[in-house]
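Given below, in the form of structure tokens, are the structures.
You will see chain A twice below: alongside chain B first, and alongside chain C after that.
Showing the complex of A and B:
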């Protein structure tokens, strides 16, 4: 198997070399030029050289400019060069595979473009929209920051190191300066580090509460829409109940109940997990209704009947035939509900329901209210961080909706 | 036979229905202080009568045959309050079931009618059995009188138990409890019996009526009118929705109650900072707040009181929750309604104009405003407003509270003398003051809700403009203004009217954040404060009122939806 693949690669390489020689009208004696040129691209040597160049440049540049240990410089240069190489290589790989997918050999031997699948159509529509690309990249960057923020932090966000640095722009409530780009908060912690670190909680809460609510909503909705009868009646009544809850009021109560309640084992749940649970458990009503309606619609279609006639089990029909066909609205609603989850988390922590040990944007706004007159930026920087992340997710949701269901756009 | 059955059922139903609004029995409290001499000479002294057990201090003999006080504990068969509350629950459901039976029967669906009859009969039977048990227990309970030792507590028939934790000298009271069946109890029994008889009469409902009287009666104007209304699909739909709302509300309140009761220990919080607090004081306070009961009992008692329009007293200050919420609801509604109206006034023209000029700069501007409003956390926008317009910046508008002028005291004697000027000027001053305070929070709320309305109006307008009748209107040469505001607008109105009810309900639930930011003395702010202070009745009352508002909003929305659009299947 492996040998076959190797030989196939070899023939591809030789074909490419031949094509190159024909293209450039090279004599057979100069085949080494063609081999080198093709190898440059074929074995991704160019990417390796680029990465190496970046690594060397960074190593020299950083060791001149950055006053730190050599190990750190080495690690940073390696990370940047490695990321560059991996990203370039994955883009190339994707392009190759995409081209292979798009092209098929017809019966008469000509190359034809495969009629595009639904997802590639969606991707094409998505690519055309500049706003959607922008919002998607903002979301990607914020997600990346939320994952790798520990290596970006200039200061520890929970330690009061800047408090004892009052001569160099630190202190208790310092205005923004070059050393502390967003100033320091009321306890003398670096605000910029805290804003960076707060992205973790916001993103985690937004994404995982959505995952939880999507899981509950989609499974209940699919069951209700597929099996009908009593199960639908019961699930719909429960959904009604969760939809008619005063959401924020109940969420405040639930967070207070878990955080400061009498039940000991609930108190041990970490803060962001509490909010994830509350938002996930109380936020699936709308999605459940949507999935039920869509499942009912698809249930009547012929291919579902055909699958049933062929003897497919109910589980198989739901998972393989129904769910993939209602995935588009689910993805859109999920993206929008990530934005809603971030907003709700910010609202709850703004009301003072957060734990003082967790770094959260809403809580930072809440704490900054006491020094609002002298340091308004302490409230506005995390506030606008929330705003921009939520805006990016909302834009992404809109773009996805436009791409997935173009009828809705008009 | 048929006429008799219907008549019996209707009569019994009316009787049961009347008793549902009057207490079936009454409990009299009678408390008189005991003298210093009495409290040792009385043979038995009751400590606790609340709950399912009785605690006595009796005079007895110890091992050395000396006379001492002995503490004894007796189990009461069941709690009187709990039983009566359970009874009320069942009454409620039996009345509902009976109503359901009547509705479906007049609807002409025979099978359903029979089913509902059977259900109603079962409910009534169960309630009757419970009633009989309750009578037995109540009579046992009221047969004897008890003497109570309640340290630091005073109980009178009219006022609630008050508590003074600093009072370390216990006072002793003779408390007698007497339960008495009222007249209504017998009416209830008669109603139940009549209904049961009517239900179990062997009547063939499929046969048409034969008697001339019944035919005349059925075709008489008021009866046929009632029949017509009762058989209308909308009536049945509304009744069905109402019936589903009740268990929904109960379920939500059960959930809330469980969470509230696990929120913490309000007794410890209330006694915080008090001096000379003994263990006895703690127990007494727990007892006077009713927290010694199990959760289910507390819920049943709370629900029983809630159905009778009593949400209890606040733990802080002891004011009635009814009056407190009555004051707060107005402040919240004032803010919400103002922002609602403003948002609609801006959103409707904006959405319509955006839809008319699709894919132009107007459309994209409107969409951008909508997106900004959707993405901006309301507290950040509010902080921005505060920073710019209040004392931090320009100093034009106040940033906190709803009023800076106290409510003017009406001087009746001056009014009678004809001095309306002072009254009028003070009223106007207060109104102006409250409007000035409203500006910033209203703006914040409007900006937040503007987005949803604009998007809704825009998408609906686009959908309507694509319809054939708009094309026909255009082809007939009507002007764009007429087409937009006469033909399209009326059809846009259907979903808009439908959804704004829902949005208003959800806006009400979102009140805590805005009100906390602007320290607005409304429902949401006080709710957050109450959660912090563990003021259980306040939390429960606020949640209940908000839930009812949202449920009613949903109901009205559904009804309007169905009434406006006849294509919806019920």
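Showing the complex of A and C:
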């Protein structure tokens, strides 16, 4: 596959474009070093001014409430300003190259507009919908937080805060205040830091369980739909079996046996890993059915017949002709399945199957039950985090479905 | 650019026994394709009957000619071509390409060697091109499959060459199928079939999905390509005027069997089979002064599940006698090169 991608890049048409650009004295294509040099020339002043502004802001507002050093604030403001400059420059470069890409040159020298690919058409339809843009950016931001949360944490999420504080108090079950924006939990740990850190487990469980179930479901479904006969019969009966298993019971049993059983080495497996495995191994049934039905539908079409007449191997037909054409429903189901994974993780840890050493939203809601009457915000804040992330993923799934299948809307 | 033969990995011994002057390039012998009709229940499925789509077809194609295969809808023309090209497994009988049984067990190298020489153009130009692939990738695919070690630039140069041969421009290579008209798509399908420089091309109703003006363009293109590449065509159609225009010989099919096979002029002048006579009388004449004496056949064509005994045409034939319902007439050569399957042919 990599070779195909590499081949695609060096087409004769690119040489044509180069010749055209030389003829019309357009600037030649640049190396990345040259691009960065230009970026520096364009944006060095911007970066300096911005970093100064951000530095002042952080100095005035944050050093009062947060216990942070002067040097740290300086470094952070430089990083933020630099990243902002790079982002702005990349947007400009992207627009330029996008314009170049859309033009191709015919033999007679005339420029013709290059047709939009299927994916760019999908992106255009996706862009039109405001809900989809919003849900997409929420998903993007949450994913970003889950990756870089260690540098965002104001406090250590597993350490108790000091008992007394000059302004806002501290210790356990503190109300939300300027220093602890979401208060502290029953053991006196900063709730805001814990909510940030909890995004990692939720996203990891949702994404990796989906990757696992998509892998199993798509491969089995493609095999069943392509080869049919007895292999379809066997795979479909196994799918029926997996679809009729009670998921909750199995998950509880799996956690109980693996995490709290007698075998020492199984106990080492992290609790979120157990949930990923259970979700992935038991959650592929619906997707497998969908892929089987779609594969059978594509298999009848003449372009698959044409590939067979040309002598294409079965692997080639499945990977190059069938799977790309059923990718849209797979992506939609996968997005919805991420939301389902996050919910299941929260549900299982809420039921007490989590480990107290893992920071997870469900676990936090569970721990907040005892003080729900006095401090309901301790349950509501992680609860709303779950709610918004799951809602964003569900809306994203719907938006992708609309964008990828225009017939549904028109 | 290196010659094509340098990339051929197969020794040419495979076809050495074949003599082009003595034997046809493609021959089917008693080819049958029966589709099982299964009775499904919860636990088991039982085959209760068969749809006899192709029921004992004997055809041959001589090198360099165009054989027109004509018949009404559902008579098994497409299934015949799909079985010939190994998209379907025959129930009985065999297909010989250059003297080699296509369905004998063979290695992948031998199989690819045969597939390079016999190709197909499909009926529906909207379904025969993968919507997710650029035209460049679609036409490049045969090179990827057969000549994996060919350098990329050469593959691309060959694709552009083929595109110009079927009347498309360079820049079309970077477009997707959904941006082309039906005629242009059919040109792309023809280009893909031509890529491996085949000897035989099966054309499965290549123009029936197109407008009449575009039909003429595609037919002319096919004619020019046949001369340039010395191709042998099997042209399937249900339009008799198209068949009369393009073919050297015509085979008429009815209910999975060949009724009559003769050179085009001979078939249209000295028609021997009653079904062919009825079929030819249905060609519309573009002149109101010519009086049409159409032969109206009674009833519908029988279902291919319960085919009539004996000659499949006898329930609707005005010349049918007792023997017609008892014994299937063999496809016999009544005149040189004129084959008829009838007990009472008109000669």
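Operating definition for what follows: the second predicted complex is superposed on the first by the 320 of 410 C-alpha atoms of A that agree within 3 Å, B and C clash if a C-alpha of one lies under 4 Å from a C-alpha of the other, contacts with A are read in each partner's own complex, and residues count from 1 in each chain.
Basically, a residue touches a chain if its C-beta (ideal position, glycine included) is under 8 Å from a C-beta of that chain, and two chains touch if they have at least 3 such contacts.
Just so you know, these numbers come straight off a predicted model, no measurement behind them.
In the superposed model, A:357 lies in contact with neither chain B nor chain C.
Considering which of chain B and chain C touches more of chain A, the answer is B.
In the overlay built on the shared chain, the residue A:237 is in contact with chain B alone; chain C does not reach it. Of the two partner chains, chain C is the only one touched by A:321; chain B is not.
When the two complexes are overlaid on their common chain A, residue A:268 makes contact with neither chain B nor chain C.
Once the two complexes are overlaid on the shared chain, A:394 sits against chain B while remaining clear of chain C. No residue of chain A touches both chain B in one complex and chain C in the other. Those residues of chain B that touch chain A in the shared complex are 244, 247-248, 251-252, 255-256, 259-260, 262-265, 358, 371-372, 374-380, 383-384, 386-387, 392, 462, 466, 506, 508-510, 512-513, 516, 524, 527-528, 531-532, 539, 542-543, 546-547, 550-551, 554. The residues of chain C lying in touch with chain A in their complex are 82, 85-87, 111-112, 115-116, 119-120, 122-124, 127-133, 136, 141-142, 145-146, 152-153, 156-157, 160, 169-171, 173-176, 179, 189, 192, 196.
Chain A makes touch with chain B in their complex at residues 237, 240-241, 243-250, 252-254, 256-257, 260-263, 339, 343, 346-347, 350-352, 362, 365, 369, 372-373, 376, 379-380, 383-384, 386-387, 390-391, 394-395, 398, 410. By the touch criterion given at the top, residues 7, 10-13, 104-107, 112, 114-115, 117-118, 301-303, 305-313, 316, 320-321, 324-325 of chain A touch chain C in their complex.
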